[in-house]
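Right after this note come the structures.
You will see two complexes here that share chain A, one where it goes with chain B and one where it goes with chain C.
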Partner chain A sequence: MLDLLLQTGLNALYSASYISLVAVGLVLIFGVMGIVNFAHGELFMAGAYVVVALYSGFKLPYLLVAAIGLIFVGCLGLLMERTMFRPLRTNPLGGLVASIGFLMILQALASMTFGVRMAFVPPVTQEVIEFSERVRLPVQRLYVILAAFGFLTLLWLFLTKTRFGWALRASAQDPEAAALQGISINQTAKIAMFIGAALAGIAGVLTAPLISVNPHMGHSVIIAAFIVAIVGGVGSLEGAVVASVAYAFVHTFVTTFFDGVIADITGLSLMLIVLIIKPTGLFGTADRA
Partner chain B sequence: MRNFLIWLIVAAGLIALPHTLSFSLQEILVFLVINVLLVVSYRLLTLTGEWSLGHVVIMGVGAYTSALMTKRLGVYVPVSMIMGALMAGFVAFLLSFPLFRMKGFYFLIGSFASAEIIRLLWKRFREPFGGPKGLKRIDSLADINIGPIQVDFFEPVAYYYFALIVVAVCLWILWRIEKSLVGLTFHAVHWQDKLAQASGVDLRRYRTLAFVLASSFAGLSGALLAHYIGTINPNSFDVELMVFVLTWAIVGGTATFYGPILGCVVLTLLNEVVLREMGFQQMRPLIYGAIMIGSILFLPDGLESLVKRAMAAWKRRSTPAAEPGKESA
Partner chain C sequence: MLLEMKGAAVDYGRVSAVRDISINVEEGSVVTIIGGNGAGKTTTLRAMSGLARLSRGEITFDGKRIDNLPADKVVGLGMAHVPEGRRIFPDLTVEENLRTGAFLRRDKVAVAADLDKIYAKFPRLKERRSQWAKTMSGGEQQMLAIGRALMSDPRILLMDEPSMGLAPVIVEEIAVIIEELSAQGMTVVLVEQNAELALELADYAYVLETGNLALEGPAKELHDNEHVRAAYLGI
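Up next, the complex of A and B:
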């Protein structure tokens, strides 16, 4: 029984890692730009397909593929900012609809280029760390956990120690006051969009060898990210990370002991309960509904 | 008199329409009629300023209720449809308690979450909802056999006429609601909520009323759909259809009654007829997505703004001395 608990805990830690990468990006974009990016799950999908194309296709080294995936998906984010979110800054509902349009385009492009079936990605490493006979951690999963930890630390350093980071947080707290201090809204929006998209992309790159890669894989990820964003309080990055860990543990344990659909229902119910008790989320401070 | 003539021509056109179409287009036509009711009911909800992502699942509540009524309890089909509509309204009433604590973005996500929970319950519980495979062999309307009059509702044309009458009556009711004092209050709740509240309007009650009414009509459209296609499952009411409804409303525009209808008809024609005929099978979502982005960027007030402009230009030409500011909304 203890083995099972430990193993489930490790699985939960792994899913917490990539969910928090996606959710932090979603929250960052919402915080700075006030836009709900429905295409965020598809940015995750785009990252996974970069691996399919370059790693399984062209056999490039995995680290190089990861760097390319990060930059490529980040640039997709810049494209979205420039073509859709900037002209629609005064129209949040419009930004949401445009992001749904972008989602459909990305899905169609993926299924046209790679087909709708699951794409095969060869494992990066076959090694497994065995803690005991029934508690095992594949090294590939360890990479995801370490990378998530690293990227989130980098983001935290960027936001708290650099001038760009301060500017970003300032515009998230009060866009008008930030603009009055000479902070360019366009520039902070670009940075937020690049970082947010790149985090989703790197999550896709990291998990591609571990999960089934298909054009609709973004769907379940975006739902998890929404739940996490709400429970953590919209606009609160720390909240998103804490909520990712909590959500991943609840979801993984319920999946192990009951089944996947019940786990989804549990997650959604948790979000509803949080919304009912505190309509701005547990850690929420910014009121930008 | 002139209005009456216009309506007569529209009615004659709608009655003659299916006879000019192929079988597959007739089927699309039935779906189109049902979807028009769905999107117009959605607009009633948006009148109070809240955008829900649960409308399609509420439609599914109507579909499941009506289908289960006929399958398990042997209720006659038109009666079961009304039960479906009432059930959808009742579920919306229950949901309104948690949901209307939230506003704006939180309402959007909250409505999505509660709808998704309902949908997952259908998927999880084989008894009575049929699990992931859903319900099959749902009765259609009973055939009518009165002497020379024989109507078989498996025929798309016959079902089209039935749906057309139901939807036309519903649209008339929705129109009357909007023009009534209640409808005007909905507008006030959206645009002047503080003032409305100060004037003694209970915002929460009017939001709930709009939500319940809109959901009942959505439930009816779901029941119409269930008894036409004969099989429903949890995936018939997933986010994808919700996205379509949202797009119809936004591309058409929600400021006028006809805006969402226009969006639904134009986009359905484009999606089902033009793109399919041109053989862009795989590219359809891509083009659809591009159209969504394009219309939100370049036509933010929807297709209805084009109609308004055309009508204004028409008026100016026919009566050059028309006094400004006197436009019927």
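Up next, the complex of A and C:
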């Protein structure tokens, strides 16, 4: 029994890692631009297909593919900012609708280029760390955990220790007051979109060898990310990380001991309970909700 | 003239907020704009700093047209705006707020020196440098808003009702700060509903009434003006 608990805990830690990468990007974009990016799951998918194309296809080294995936998906974010969100700056509903359109375009492009069926990604490593006979951690999963930890730490350092980080947070809290300090919303929007998209992309790159890569893979992760963003308190990055961990643990444990559908229901129910008790989410403040 | 507004009008949609406003601010002077609630003081200040667009007229700063520049460019020319309601960044620390005021400045040594100066001027900000700005009192937040504006090393400081909602002791402190800044050569445009305070601090004053300039003149003269005394000083 202890083995099972430990094993499930490791699985949960792995889920928490990639969900938090996706959710933090979603929250960052919402915080700075006030737009709910429905295409965020498809940015995750795009990262996975970079692996399909360059790692499965062209057999480039995985680390190089990861770097390319990060930058490529970050640039998709810049493209979205420039072509959709900037012209729709004063129209958050328009931005939301445009992001749904972008979601469909990315899905269609993936289907046309790679087919609708699951794409094959060869394992990056077959190694498994065996803590005991029944507590095992595949090294690829360890990579996901470590990378999430690393990228979230980098993001935190960027946001708290650099002038562009302060600018990003200032502009999320009060865009007009930020403009009075010389911080242009176009500039911070670009940074937020690049980082947010790149984090989703790297999550896709990291998980591609571990999950089913297909044009619709963004769905389940975006639902998890939405729940986590809402529970954490929309606009709170710390909240998103804490809620990712909580959600992943609940979801993974319920899946293991009951089944996946019950886990989804439990996740949504917990979100409702949190919202009833604290409508602004765990870490949220009233003004952005 | 350091700052000149000529025949300016601002509309919100189809509603005219202010019209035909001409204001001159001489370098080194303290100019005040007084008027009741809704008279258009905030709108006038927002037009100066680029937050509101003119529908007519023009604004020049140091001889250069600025009425088409966005706010994030105007501050780079040397105009700092302490907005109505302070608008500090609640979830940044006190020091992050101050450093954000220096966002456009690249000279780290000069920025560090100015930060020290501001901490010397506002010791309470120094004590609370690593606290969240939202945990501070209203008076401290106003000091922070002023400090943040000064961190851009401005040539002119626009202040929108710095005394609003503050206890008389704190208002007195703010008045002293404005006097000190002025004595050091800072040009100030002070918007106030507290006409008594504003006329005491200013060299020159404009009176706004429902979007129009009703009166202007040296602050001392307006202080003795019958209409001003009756309408704004309650004497």
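The criterion applied here is as follows: the second predicted complex is superposed on the first by the 287 of 289 C-alpha atoms of A that agree within 3 Å, B and C clash if a C-alpha of one lies under 4 Å from a C-alpha of the other, contacts with A are read in each partner's own complex, and residues count from 1 in each chain.
Just so we're on the same page, contacts are C-beta pairs under 8 Å (C-beta built on N, C-alpha and C of every residue); 3 or more make two chains touch, one makes a residue touch a chain.
Note that this is a predicted model, so its numbers are computed, not measured.
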{"item": "Clash or fit, chain B versus chain C on superposed chain A", "value": "fit"}
{"item": "Partner chain in contact with A:L199 - chain B first, chain C second, else both or neither", "value": "neither"}
{"item": "First (chain B), second (chain C), both or neither touched by A:V97", "value": "first"}
{"item": "Touched partner set for A:I223, first chain B, second chain C, both or neither", "value": "first"}
{"item": "Partner chain in contact with A:A108 - chain B first, chain C second, else both or neither", "value": "first"}
{"item": "Chain B versus chain C as contact partner of A:M33, first or second or both or neither", "value": "neither"}
{"item": "Centroid geometry (CA): angle chain B/chain A/chain C, rounded to a multiple of 10 degrees", "value": "90"}
{"item": "First (chain B), second (chain C), both or neither touched by A:L272", "value": "first"}
{"item": "More chain A residues in contact - chain B or chain C", "value": "B"}
{"item": "First, second, both or neither for A:A48, with chain B first and chain C second", "value": "neither"}
{"item": "Chain B and chain C, minimum CA distance [Å, superposed model]", "value": "15"}
{"item": "On chain A, positions contacted by chain B and by chain C", "value": "none"}
{"item": "Of all residues in chain C, those that touch chain A in their complex", "value": "49-51, 70-73, 75-76, 80-81, 83, 87-92, 96-97, 99-101, 103-104, 148-149, 152"}
{"item": "Touching residues (chain side chain B, partner chain A) in the complex", "value": "51, 98, 101-106, 108-110, 112-114, 116-117, 120-121, 123-124, 239, 243, 246-247, 250, 282-286, 288-293, 296-297, 300"}
{"item": "Touching residues on chain A, where the partner in the complex is chain C", "value": "163, 166-167, 169-170, 173-174, 176-185, 285"}
{"item": "Complex contact set, residues of chain A against chain B", "value": "36, 83-84, 87-88, 91-94, 97-98, 100-105, 107-109, 111-112, 219, 223, 226-227, 230, 234, 261-262, 264-265, 268-269, 271-272, 275-276, 279-280, 288-289"}
